[in-house]
Amino acid sequence: MSKPKKLRSRKAGLPPGSLVHIGEIKTVAASFSVMDFDESGLFETQLPAAGSFGDEPRHYKTRWANVYGAHDPADLTVLGSVFGLHPLVQEDILNNAQRQKVDAYDEYLYLVLHRYDLKEGPLELTKDQISLVIGRDYVLSLQERQSKTFEPIRQRLRAEHTSARRGGADMLAYSLIDSVVDSYFGVIEQLNDHAETLETEILGQPNPASLEGIHQFKRTVSQLRRNLQPLREILGTMHRDAGDFFRPELQLYLRDVYDHLVHILESLEDLRDLATSLLEVYLSTVSHRVNLEVRALTVVATIFMPATLIAGIFGMNFQIMPWLANSSGFFYALGLMGMIGIVMLILFWRRKSV
Amino acid sequence: MSKPKKLRSRKAGLPPGSLVHIGEIKTVAASFSVMDFDESGLFETQLPAAGSFGDEPRHYKTRWANVYGAHDPADLTVLGSVFGLHPLVQEDILNNAQRQKVDAYDEYLYLVLHRYDLKEGPLELTKDQISLVIGRDYVLSLQERQSKTFEPIRQRLRAEHTSARRGGADMLAYSLIDSVVDSYFGVIEQLNDHAETLETEILGQPNPASLEGIHQFKRTVSQLRRNLQPLREILGTMHRDAGDFFRPELQLYLRDVYDHLVHILESLEDLRDLATSLLEVYLSTVSHRVNLEVRALTVVATIFMPATLIAGIFGMNFQIMPWLANSSGFFYALGLMGMIGIVMLILFWRRKSV
Amino acid sequence: MSKPKKLRSRKAGLPPGSLVHIGEIKTVAASFSVMDFDESGLFETQLPAAGSFGDEPRHYKTRWANVYGAHDPADLTVLGSVFGLHPLVQEDILNNAQRQKVDAYDEYLYLVLHRYDLKEGPLELTKDQISLVIGRDYVLSLQERQSKTFEPIRQRLRAEHTSARRGGADMLAYSLIDSVVDSYFGVIEQLNDHAETLETEILGQPNPASLEGIHQFKRTVSQLRRNLQPLREILGTMHRDAGDFFRPELQLYLRDVYDHLVHILESLEDLRDLATSLLEVYLSTVSHRVNLEVRALTVVATIFMPATLIAGIFGMNFQIMPWLANSSGFFYALGLMGMIGIVMLILFWRRKSV
Amino acid sequence: MSKPKKLRSRKAGLPPGSLVHIGEIKTVAASFSVMDFDESGLFETQLPAAGSFGDEPRHYKTRWANVYGAHDPADLTVLGSVFGLHPLVQEDILNNAQRQKVDAYDEYLYLVLHRYDLKEGPLELTKDQISLVIGRDYVLSLQERQSKTFEPIRQRLRAEHTSARRGGADMLAYSLIDSVVDSYFGVIEQLNDHAETLETEILGQPNPASLEGIHQFKRTVSQLRRNLQPLREILGTMHRDAGDFFRPELQLYLRDVYDHLVHILESLEDLRDLATSLLEVYLSTVSHRVNLEVRALTVVATIFMPATLIAGIFGMNFQIMPWLANSSGFFYALGLMGMIGIVMLILFWRRKSV
Amino acid sequence: MSKPKKLRSRKAGLPPGSLVHIGEIKTVAASFSVMDFDESGLFETQLPAAGSFGDEPRHYKTRWANVYGAHDPADLTVLGSVFGLHPLVQEDILNNAQRQKVDAYDEYLYLVLHRYDLKEGPLELTKDQISLVIGRDYVLSLQERQSKTFEPIRQRLRAEHTSARRGGADMLAYSLIDSVVDSYFGVIEQLNDHAETLETEILGQPNPASLEGIHQFKRTVSQLRRNLQPLREILGTMHRDAGDFFRPELQLYLRDVYDHLVHILESLEDLRDLATSLLEVYLSTVSHRVNLEVRALTVVATIFMPATLIAGIFGMNFQIMPWLANSSGFFYALGLMGMIGIVMLILFWRRKSV
């Protein structure tokens, strides 16, 4: 996720509102589609180019224009003139390194959302930027690449007599936001599973790899949390900022999305706390192991050092030494070694229980 | 507690307001009961099905409808039409993974509360969701499974001439909220006991199992704290949000519940601090033990290494060596070993006191 | 301090406002006294029972009614009817596990304060609850047990022509609050002394007992801090909440008490930071000691292992070996041992300075 | 960065508004230039001295006066009288140890910005102060030394028919602020690269130098974050504070800069979290290594101590000892040593898996 | 700094407003001086006693009354009646353990400021309390002991035609506050130097004394920060609280002081972060050293243990042993020792690089 930031400085020095694509380009060919609908019917078609949005007549009351992979500044300029987009909006759409945000313009609301994918292996979070332009009777959605996130909404619109069709542009916009936020639950589940694996590992057989695992996990959770934070703000103030574009009846629905997001953020905080706690457990466990190792060494030394000394003593070359001539002297010596070893071990054991 | 979250993604892609049960289903058979009361009398009956709430005539001024285990979307649709519940409320009742919250509708207040149970062994927190729909002359309470939490309130209502009967729907709602919040004191007590056990263990004989114990404890406390936090907000703003549904006289009572909750949250913070402190104590103790182990090893090495060297020296095969021919040479050597050992120990002891 | 909380759950399930004593009962016999005063004179008497407060005529303008050890619900009911106390106030007076708080009623202000005692040995904080009911021309103070905290106020009232006598009920209330807050300075001093002892110990000769000492200290400080926090809020908003019961002239005095409390809280934060810092110092010191121990061991091994090897070499039974027949061979060997030892030590010393 | 602070105390004791240069003087010769422009044309010239700003007639509507290296109080006094600068503004321009801030005066807005440079080797942050005086039809920019940050803006102004020329003083001011903020992205990228290097090092081959590396890194990030924080505030409230000097159309642009800055601050928080996490990883890794070392030592001791004991035993000088006369006795002894070593290793291996 | 707190409890039990000196008494003899000035002239004299302030006629418009070492309650009572000070103000002046604060009275503003001195050796912060009573045409400043902080202001007043003389009481008050805040820069510089010394030491040759050093440093920084915090608040709200006593023109100046203080607080946060980071570095370094020590020990053991075993083997008394009769056997054995030692070292070196 640090890559797009890197490309950001490409823009430093250009006049504001210059259209330069910032961020990785994730699909090559842009694709344009239109879906016009209201309670009376639905019309759906692919368009050959950005300019066709202007040429295609409106068939039903509400229009949903969708664009995949608009990385070409030229396309943006065309879209900008068709939909009347402010130069800054055009710039933000091209710039994939945006934070989530909402900007209220007179004629439309501009919303930047993120969709996240979590890749296991080394845990990595990838981000797709979704731009929504919510007008009074249309929604323009722009995604970095093809994805199935909005497919169920399309299905529902295709079905006749659904509330989706009757809903108009604001209901559609709500559905899109809702489906993005709901997609986060999947990420949370993956993180939960990952956390459980980590927990089992660290409470069982911790090793430096698990350390790296926690590090990656913590980093991912904290990144996701920081990225989702602004969305919370946005949804929390939507009713104020977006009063013009959402009917009052929809406020309750927006609040519901807000509740979901708060729930998600709380789960992320739980996960972060868990990661911190696991790190402490890891550190304590490693210390404990050092302790066990040293103890093992001490036991070994405690048994063998005295015995070796005794062997050394009877290996001295004094002409007059006790036991040497005694036929059981050898076994006396061995017995002495054993005895001292046992005494040392007993002392050792006692000390521990103090 | 992570399980319900997992099932949450089941809903991603469905139209908003779709009734799907989210979370574990905790009881199989739903049960419906009604309690009508006012100062003049009380009527109480079990109902066969969700629809019966509409058929059963109101016998006294205030109605308390209680539902256990409403996990069937069909039941919710029926309840929804009988009590005029908004589709989002129906959805929230089915979805057991809700955070605590209050939503004010025109005709009723919708409140989500949690009841917590703490299971020892590995410390685990289980959560039951309680939904309260507080109308002007009725309260509808929905619980995931049978429980005794509301039994004392039922007893009081059954007794004649109690303030409970005179109180009406808002007094009943307050009693329900109060009994849920008071049930948290039990959880806090359990946690306090657990903490004391942990403390005794860690200040006495810490071991890796106690480490895992603190980890679980900390996690549980922080989960509970995070779950109760929103309730504090809810109760703190109840007087503003719920002005329509609670008479001014009851505000004082609600504030009392709020005070209890704040007290509970403070206890949880105390417990969290305690857990953090215990972890630090554990870590320090393990380090200290490593120190003791190494010292033991050093003492052993300090005594036996010089002695072994002396034995080795007198075991050398030089033809001319002092003491060898001396009849007390052997004992001279032993004496030397002892002396050096004593000197080393004295040096060792001194160094420590520097 | 965790004990009272435990008894709290006794109340779960009882109707709100039920009078049950919660918390430890600290004195057995309740004691009731009355002090009527104004600029013209003072009347002072002990009363036989709670009911006598109603029977005793008012001798001067302002009445100070004091009760020690009111743990009997029956007494509270009587006091409640004499002073017109709300059932929730009666309940709070009996419940010794209250947080500090202020509740404004139409006819009086209800204030819960704590007095703290610090017991050394294992550091322990004990809490006494003081309830103040501040009416327009009377103050009712209820304490868990006899104490000298309010004695100086009594002395001042007994003296003629003091501002205390002229002050009326609000001045009296202020004096009571002030003397409670000032009593915290004593606790802070004790904690300061304790901290200094700990600091000396840990910077000098830390041991596991000092670890336990910091743990207790930190816990106590953090408990006290959490308990005093709400009082800060109370005093900070007193001028708003208590406008009816305190004359504007007294606001300055209340603000002075507020300043003292803020000072106390800041001292507590200093102490908490100190405790955290001491823990870190302890941990570092223990690590450092491990280091010293290991170094000692390494020095011992570095000197004796090579020497022992040389002794072993000359103890081998080869028929042809250098030096053996040499009359100074033995001393050559010893010299070699010494030399190698010195070289090793020099190497060892050098390495450290890298 | 601590150097300028040091020089700060030079000013203690002087009357407020005294013009003394505070901070390092970074260039010797001051340089003055003027750029007058509007949609009709552009005039650009170097000026010989500060006073020439007053002498040079205005050629087009908007004037951009730029000064490099104004460290001479005399120059400031002249500039002050030409542009009508408040004594405090003059003082702040000379004092290079200012925090970023905006002060609104009646006739102009005074803005202090910082440009940062990151030097690798030991990571070090250097700061250049940029003062902007934004009048209604002019902008006066003062920089500590020559730099290319504003060069692109100059280029754009030199081109005919650009929006830059039409924009006027507020558009120019916005461009200047924008180019400073965009220059931070370069610093962030450098920090990101540095962080990646550190991460690779610490997860691979950590050593005390990497510890120092994290320390420097953390310090730099936290300094930068603390320095940029006030700018966020400034930009966040610009629309309120700067209403007089920026046309409403430009508010959107300012908000865009604000968004960039928030993004930068979030990246810095990510980096700080990363640094903290790396430190924990380092500490854990070192502990783990101690563990591995001790284990190696234990293995060595476990194998050789018993073997040495056996050799010692058969080196004893008892007259009657088993195996000595046996022709394979020597190999029996070696076999015994090997066997015991293997048994010890097996015991050792087993213990670890417990 | 903990000493004054200790004496605080002396006051517990006294009537509010009782004049008792709290804190250490730092000078014995009180000294009183007066400086009357306006644009027309200046009159300056020493006064024999507190009462003389009333007797001395006003020579010019603005009076600056300065008192050093007013520790005698009697003096305060006199000053109180001369300047019309509220009993609480008199009490606060005597009580040297005040936090910084501002209290607005009808006729004057009462300000408590601190001046700090840092003593090296063991780092210690000493605090002098400065009380300012700011009336409409006079300023009364009270300091615990003689100091040169205000000397430059006096010099400026003595010079004719300065803005200082024209400024009046509010300008004087501002100058006094400004010079106190500017004096903090000196303390910050000292702390910065100290931090640099500590950093060099800890990144170079850390030892337990540096640990104690960080502990003292951290404590001092955190104390200073906590003590200066309230001043920030005071200066931030001065324009609101002090509107009556400061002309609007001076608000800009006060804001400048506020900016300086914020700068100082940010430096303190930098220093605190630095201290925390240094502690972590110290801890990691000590752990790393343990690692190095253990490695050294392991190397020593790895080389000498096998060699000693071989020597032991050839020292065994078997009658038939290989090499013994061989004339180069001795050197074979030495070669074997060397070879095994080298192999062990190679194994050891390899392992580390894994």
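When the chains are written out, they are named A, B, C, D and E in that same order, and each has its own residue count from 1.
Throughout what follows, contacts are C-beta pairs under 8 Å (C-beta built on N, C-alpha and C of every residue); 3 or more make two chains touch, one makes a residue touch a chain.
Remember, it's a predicted structure, so these values are computed and weren't measured experimentally.
K.L.:
Tell me the fewest steps from subunit B to subunit C, where a step is a jump to a chain it touches.
P.N.:
The least step count works out to 1.
K.L.:
Could you tell me which chains are in contact with subunit B and with subunit D alike?
P.N.:
Chains touching both subunit B and subunit D: A.
K.L.:
Between subunit B and subunit E, what is the gap in Å from one C-alpha centre to the other?
P.N.:
About 42 Å separates the centre of subunit B from that of subunit E.
K.L.:
Approximately how many whole Å separate the CA-defined centres of subunit A and subunit B?
P.N.:
Inter-chain centre distance comes to 26 Å.
K.L.:
On subunit C, where are the residues touching two or more other chains?
P.N.:
283, 287, 290, 294, 297, 301, 305, 308, 312, 315-317, 321
K.L.:
Assign the assembly's chain-to-chain touch graph to one of these shapes: line, ring, star, complete, other.
P.N.:
Topology of touching chains reads as a ring, each chain with two neighbours.
K.L.:
Let me make sure I follow the ring: beginning at subunit A and going to subunit B first, which chains come in turn?
P.N.:
A, B, C, E, D
K.L.:
Name, in rising order, each residue of subunit E that touches subunit D in their complex.
P.N.:
151-152, 156, 162-164, 174-175, 178-179, 182-183, 185-186, 188-189, 192, 196, 203, 252-253, 255-256, 259, 262-263, 266-267, 269-270, 273-274, 277-278, 280-281, 283-285, 287-288, 290-291, 294-295, 297-298, 301-302, 305-306, 308-309, 312-313, 315-322, 344, 348, 351
K.L.:
Report the residues of subunit E in contact with subunit C in the complex, numbered from low to high.
P.N.:
Going by the criterion above, the answer is residues 2, 5-6, 8-9, 11-16, 86, 88, 97-99, 101, 103, 208, 211-212, 215, 218-219, 222-223, 226, 230, 279, 282-283, 286-287, 289-290, 293-294, 296-297, 300-301, 304-305, 307-308, 311-312, 314-317, 321, 323-327, 329-330, 333-334, 337.
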